[in-house]
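These notes open a run of structures that come right after.
You will see two complexes here that share subunit A, one where it goes with subunit B and one where it goes with subunit C.
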Partner chain A sequence: MRESQIMFIQYMTGLLILVFGSFHFLLISALAPTTDKVLYSYTYLNGIRTLAGGTLYYSTVKAVYTSLMWGSVFELLLTFLVFHIFNGFRVILSEQFPGSKAEKIITYSVLIAAMIVFIWGSRTIVLMLNGGL
Partner chain B sequence: MTIENKKGWISWFNPFKYGTDRWMYALHRLTGIVLGVYLMFHVVETSRILEGAVTWNSLMVWLDYPFGPHFGPLILSAVLLAAVYHALNGLRLTIVENGLMLPKPYRPEYPYKPRSLRGLNNFLKIFLGFFMIAISAVGIIYIFTGAIL
Partner chain C sequence: MQEIALKGFGEVVKTVTFRVKRYSPENADMPRYMEYKVPVQRGMTILDGILYIKEHLDHSLSARYSCRMGICGSCGMIINGKEKLACQTQILELGKDLIKVDPMGNYEIVKDLVPDLSKLFRNHQKVKPYVLREEESPTSEYLQTPEQREEYAMFTDCILCGMCLSACPTNAADELYLGPQALAQGFRYISDNRDLGFEERLNVLDSKHGVWRCHFSGACSEVCPKGVDPALGIQLLRQLLTENIFVKHKQKGTTRGPERKSASGVS
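Entry: the complex of A and B
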């Protein structure tokens, strides 16, 4: 693939991340499926601070993950992010370490790292869509 | 020759001979690296939800108070600032570098300043700068208080 085509995808994924990332931020605030819209809501049980609600509480997060619509949004966001971030790393590293041999090493290393992050993230999304382990 | 003259990433922060665009470029790369590293932590952290409610809730409590009161929200606010800056500056770069929103070409006249590009770029810096302050303020207030405008 030509560098100009890769950079075009870099711009496009950047714009898509802006849209899907906004949904992600809204989902842990205004759109969270809970009446308690704070990130953390605590109670004290026998003097020990315990998480009892909020948008990051287990049942709230699970309700989001088990929704097919939000699961799809997360998967798309992860795909765009992984491409955008690791291509960015590739560009920065290629500038720091010039040369065709270094570029090959950087490209393949970044590709492997991107695959690991993508598979790891997708695994969580897919398993949670089916209710977890 | 290229390698000999190369200054590496140190050159990102050379303020001499360059204007605000250079600093914004350096900050764009820095925030990109920070957000990239954060994504990897975020993917690993969110995968812990598979271990059940007790693990997840205790992880969230730890992330809220990792090294003392308000440290978690401070880290989250820094990530939010980096994300908002990177996103809006990226939007500016997408518009400017691809020549979008540029007016029709005009006859070059002395002193041949690229007025159209400079004007648009400056406008975007100010407009998106205000937008960045507004979004960051709303986000940080939400992180610390839970208040949504």
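Entry: the complex of A and C
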């Protein structure tokens, strides 16, 4: 793959992270599947202040993470993030340690690390889709 | 100190201290600064000051220079923290009583203010800085209109002084980086309508240490003594390479003009 193609994907994933990252944050505000668009809402039960709902309430978060649509959004966000971050690392490290041998080590190390993070992240998303552990 | 006025200049205006970085790898000395008091006459440049030191104060000081008029690009050095041609920099215009002179950065040092420019020339050579055509010995000129030349005209002003490479922060970290000079020259030849070497240069320009490693600090354009904007060349090259991902860049290569006869009448 030519460096121009890699860097084009790098810039595109950067833009897509902004878009999908925005969705991620909207999910705990405007797009949350709750009526009250606050992080936490409280009620008084027998005079005691108790957590009752909100966008970060357990059942709300679970509702989001078990939705196939949001699961897909997270998987895409993960894909874009993994490429952008690890290719960024590769570029920075290649600049710091130039030389064909060092670059080969850097490229493969970064590739392996990226795959581990991607597989681990995907596993988490799939587990959450199935209702969690 | 005996003040010796240089011929051809005005009266001595003041005395300025030159703090010059001295280093001789041959003697395994550590780099150090030495100070010299130089009587400054109106019209004196930094190069004149250095030559004054060499002639009257310290014969062992080394500096590279040639034309003394900003054409050859030999006397590039860091003057008060910024890359400048010593022959183009007036001492009085700096407005300082202490002038710090360092050799250019990002190069090995031969001695004192003389950098080893091999890296610059090697990178320059890598981008094949000449019009590439299939014909081995063309018998006439390749045609070009003034408008076509205008597309890359600015980049032809490069005098290979190497100051852009010295100022480039990427080059400070990545010694394999092609550098602004070579990249701008790569763009200059690719955008020349007579050239057919785009594919051939791609392996160098579009490599791991090519055009994509530029961080766009713009230091190269800022220090260029000839007003060339290598940072612009790099961005234009990036644009061209990105377009090339989707639509293959094709160079048509201009046609040849009529054959011309030499002075002897033989074509």
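The criterion applied here is as follows: the second predicted complex is superposed on the first by the 118 of 133 C-alpha atoms of A that agree within 3 Å, B and C clash if a C-alpha of one lies under 4 Å from a C-alpha of the other, contacts with A are read in each partner's own complex, and residues count from 1 in each chain.
The working rule: a residue touches a chain if its C-beta (ideal position, glycine included) is under 8 Å from a C-beta of that chain, and two chains touch if they have at least 3 such contacts.
Just so it is clear, the model here is predicted, and its values are computed rather than measured.
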item: First (subunit B), second (subunit C), both or neither touched by A:98; value: both
item: Which of subunit B and subunit C A:80 touches, first, second, both or neither; value: neither
item: Subunit B or subunit C, by number of subunit A residues touched; value: B
item: Partner chain(s) touched by A:5 [first = subunit B, second = subunit C, both, neither]; value: second
item: Where subunit A meets both subunit C and subunit B, residue numbers; value: 96, 98-99
item: Contact set on subunit B toward subunit A in their complex; value: 2-3, 6, 8-9, 29, 32-33, 35-36, 39-40, 43-44, 46-47, 49-53, 56-58, 60-61, 64, 73, 83, 87, 90-91, 94, 98, 139, 142-143, 145-146, 148
item: Contact set on subunit A toward subunit C in their complex; value: 2-5, 7-8, 91, 94-96, 98-99, 103
item: Of subunit C, residues touching subunit A in the complex; value: 170, 173-177, 202, 206-210, 212-213, 238, 241-242, 244-245
item: Residues on subunit A engaged by subunit B in the complex (per definition of touch); value: 11, 14-15, 17-18, 21, 25, 29-30, 37-40, 49-51, 54, 56-59, 61-62, 65, 78, 81-82, 85-86, 88-89, 92, 96, 98-99, 117, 120-121, 123-124, 127-128, 132-133
